[in-house]
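When the chains are written out, they are named A, B and C in that same order, and each has its own residue count from 1.
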Amino acid sequence: MTTLRIDNLNVSFSTEAGPLHALKNVSFDVPENRIVGIVGESGCGKSTLINAILGLLADNGSIDGGSILFEGQDELTSLPSSRMRDLRGPRIATVFQDPMGALNPVISVGKQMLNIQYRSTLSKDEKMNRAVEMLELVRIPDARAALARYPHQFSGGMKQRIAIAMALMMEPALLIADEPTTALDATLEVTTIELLKDLQQKIGCSVMFISHHLGVIAELCDDVVVMYAGEVVERGTVRQIFQDPRHPYTARLLECDPARQSERTRHLPTIPGEIPDLRARPAGCIFANRCDLVSDACSAPPPDKDIGDGHVARCIIADCPEETGVTA
Amino acid sequence: MAELWRPIRKILREPLGALGLFLVLFVIFGAVFADLLTSWDPTKINPRDRFQGPSANHLMGTDQLGRDLFARVLHGGRIALFVALVSTAVSLVIGIVLGLIAGYGPRWLDNLMILLFDAMKSFPTVMLALALVTLMGPSLTAVMVVVVLVTVPGYARIIRTQTIALKTSEYVTAAQSMGASSARILRVHILPNVIGPLVILASMDIPVVIGIEAGMSFLGLGVRPPTPSWGSILNDGFTNIRDTAWIAIAGGVPIIITTLGFTFLGETLRDVFDPRLKGR
Amino acid sequence: MSSDPILKVEDVQVSFPVGGFGRRNSILGVAGVSFEVNRGETFALVGESGSGKTTLARAVNGLQEISAGSITFEDQRIDELDPRAMKPVRKRMSMMFQDPVGSLSPRMTVGDLVTEPFRIHGIEGRNLRDEAERLLTLVGLPTSFDSRFPHQLSGGQARRVGVARAIALDPALIIADEPTAGLDVSVQGEVLNLLNDLRERLGLAMVIITHNLHVVHHVADRTAVMYLGRFVEAGETEEVFSAPQHPYTAALLSANPEPDPDKTHDRITLPAEVPSLLARPSGCEFHTRCPWAQSQCSFDAPERHVTDERVIACHFPLAPGARPPEQKESVLS
């Protein structure tokens, strides 16, 4: 069974200058027991996707079509908000991009960790112990004393780890993590990744993991979804994406990673050009204005080409690897 | 325009919110157009027409002095709304200023002000009203001063708590790092972010204010006769409740309608725009 | 190294009160740190999460009182200045914060946010609209963004607004706390190239705090590694990266995730227990986790050894490419 199946999802925001199409025909699966990584340009709609799944789109946002099916039964796009509230937390836990926003600044961390266990039948002491245990798992020093402290008394990375601890405490079926390791140093990042992997196997949950750190994605994830300007341009297993990228955007993105530059350089590679205006999406390929391999045929919407073994790329030349100019 | 419509549409989607909005508009309409809705003078005494039941001439009947109750209810609404709006506005301003100072200022000042707020809060409203009326004599002003004294501590505390929360937020730190003065930080970065929930809570307090005005007038501590007030109408009704129930009804029903209207509206506002406030 | 320091930090300490069980205690978030940053130089601070990097940055910026030491910026002691006297300094030194969206005032538009420095400093004779446009273009945001609110931005877009604001007044020093967290690698490149351009054109000096070691490797001239509020190692970036001498540095560099799913990592794993600032370990503060620790390390704190190329605090500096010895239980417990 797939934990989450997203099919042809469209989301737009109404703005003064007309509707902004933040997600266009997004489809992919989060299979049971797998970790799916999502990468892509800043502003390509990753957080919007999460908010759509959780029913937390901003006031001016709306789902214009498509479906989000959770555990084969709950259609999240049309779920009553009370049922959605029941799912959020215990079944779908989320670590949000902004660790400060996720913690209430005027309530102590311990109290917040007790509060989220409100459904549990454990005694208060047992709940406290569980909170301490989780904080120790994410390597917060002095875990018991930390419970009495307030969020601003922790460093950025500590807040992020506390948010992870709170999400995992719920033992959810699906864990959504939006850039959960940006404020962690390399050793902790690796420890956290390993912790996530361990717990994921122990609880048997699926994970949707968003990160710009390609190294982390490569190390943690089973599958990868590459997004650009609100579209899924390529998806496949982590090896397919990192070793045999077929969409020119994926290839460029991987090339820009400073980790791939063995020579020290002050001038880092970038993808020249701008993301198109999402209020007036081009009729053809969304990447055409920045693509080196663009041809006349790209002015029609490119099909999702199936390369085999679940590897799919939205580009007309995806099935001719010698043409994508990939240097993997 | 669309910006204005969206919140209203949201309120109308909730049945209680729609009802609340309707009731509130109904009361406001009556108070604003009191002079057009009736030609009776609310203070004119007509000994010949005492204790008339409701009729086409006197829609709600008359009281023990023969004054038209419909006119008195409409004009009483004016007083009630005037007290509610003016004193709430004054309370908000004072509460915001005190709350910002307590929340952003030094620790000792905060402690001192919290002590002050708690002291004010623990003083029973009735005692406060009696003490003030002894000092100032019964009047509309006395009512408003009581209302302000009763509501300010609550508002100031909310603003204080939120200010403390925002004081350590990264955007306030960012403003400090750019060299912004405390006054600028309070005005530009903190105030706009704490005022929303307060306005919602204040709208939920309006029934309380109206209750205080009616209560004080009922006890003869508020507006002075012959000025009409729902509280004094109610009092007139109670003295003669055995034979002429309509007087008490004329004074009581508007209070109930207004209270329900503002409560429904306030709660809907809260649920729709700031669910975090629930349980405060 | 040419010696024209724009910023000089000497033995700075920052302590925080912590109210534990009725007693008043305090912890040292920064426990004595010294460094200099030259004009046009990029200085990177890396280290464990919670090791005091942000606290140190805030102290330099005057947002956090220091309990010992001194800070000199453009030949002026700034750690004792009152807010009024500090204001002109803030024009010359700007700060970028760790949280991209959280550091933007939520009810202000992007246009107001990027021109806020002009308004704070009462700079006349400039058209704020033009300035907003200029700054937005500079950081690669469409000018139509000036009417957006922070919650309508993606994390990366908010980050660019932060950059625009930091460079608005042409500062001489930028302190950037995680300037590229939340950016995709292409935009990350753009932001870093932009900062680098400014460095070259205006002689901008930068202190950059980041966990992204790949970024540090490329952009920083010198790098300092922090552990429990102190520098354990500092030196030219290239040398620190190619031959780390402190065991913590070696462990940190070996952990760096690489974008290759088949890469086998030869990591130096550290025991999990991160010491508490309330009970700092005796001797070398890293000995509770150090794979190379000897018995001497548990009672004898290593001197900070300063040479021209390297600052290092360890009794047994590592040779290049050293691997941890078989881990001995007795030392670790």
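Quick note on the criterion: a residue touches a chain if its C-beta (ideal position, glycine included) is under 8 Å from a C-beta of that chain, and two chains touch if they have at least 3 such contacts.
Please read all numbers here as calculations on a predicted model, not as lab measurements.
Two chain pairs are in question, B-C and A-B; the one with more C-beta pairs in contact is B-C.
Here the chain at the heart of the shown protein, by mean C-alpha position, is A.
Per-chain CA centroids place subunit A at a distance of 26 Å from subunit C.
Look at where the CA atoms of subunit B average out and do the same for subunit C: the two points lie 52 Å apart.
Distance between subunit A and subunit B, defined via averaged C-alpha coordinates, is recorded as 48 Å. Subunit C has residues 98-99, 102 in contact with two or more other chains. Residue numbers of subunit A whose C-beta contacts span two or more other chains: 100. Among all residues of subunit B, those that touch two or more other chains are 169-170.
Subunit A meets subunit C in the complex at residues 13, 15-17, 39-44, 47, 58, 97-101, 139-142, 145, 149, 153-158, 161, 179, 182-191, 193, 212-219, 238-239, 242-243, 252-254, 256-261, 264-271, 274, 277.
Listing the residues of subunit A that touch subunit B in their complex gives 59, 100, 105-106, 152. The touching residues of subunit C, counted against subunit A in their complex, run 16, 18, 20, 46-50, 54-55, 98-99, 101-102, 140, 142, 144, 147, 151-157, 159, 177-178, 181-190, 192-193, 196, 211-215, 217-219, 238, 251-253, 255-263, 267, 270, 272-278. Interface residues of subunit B, counted against subunit C in their complex, comprise 169-171, 173-181, 184, 188-189, 192-193.
The part of subunit C that touches subunit B in the complex is made up of residues 58, 61, 63, 83, 86-87, 90-91, 94-95, 97-99, 102-108, 116-117, 120-121, 165.
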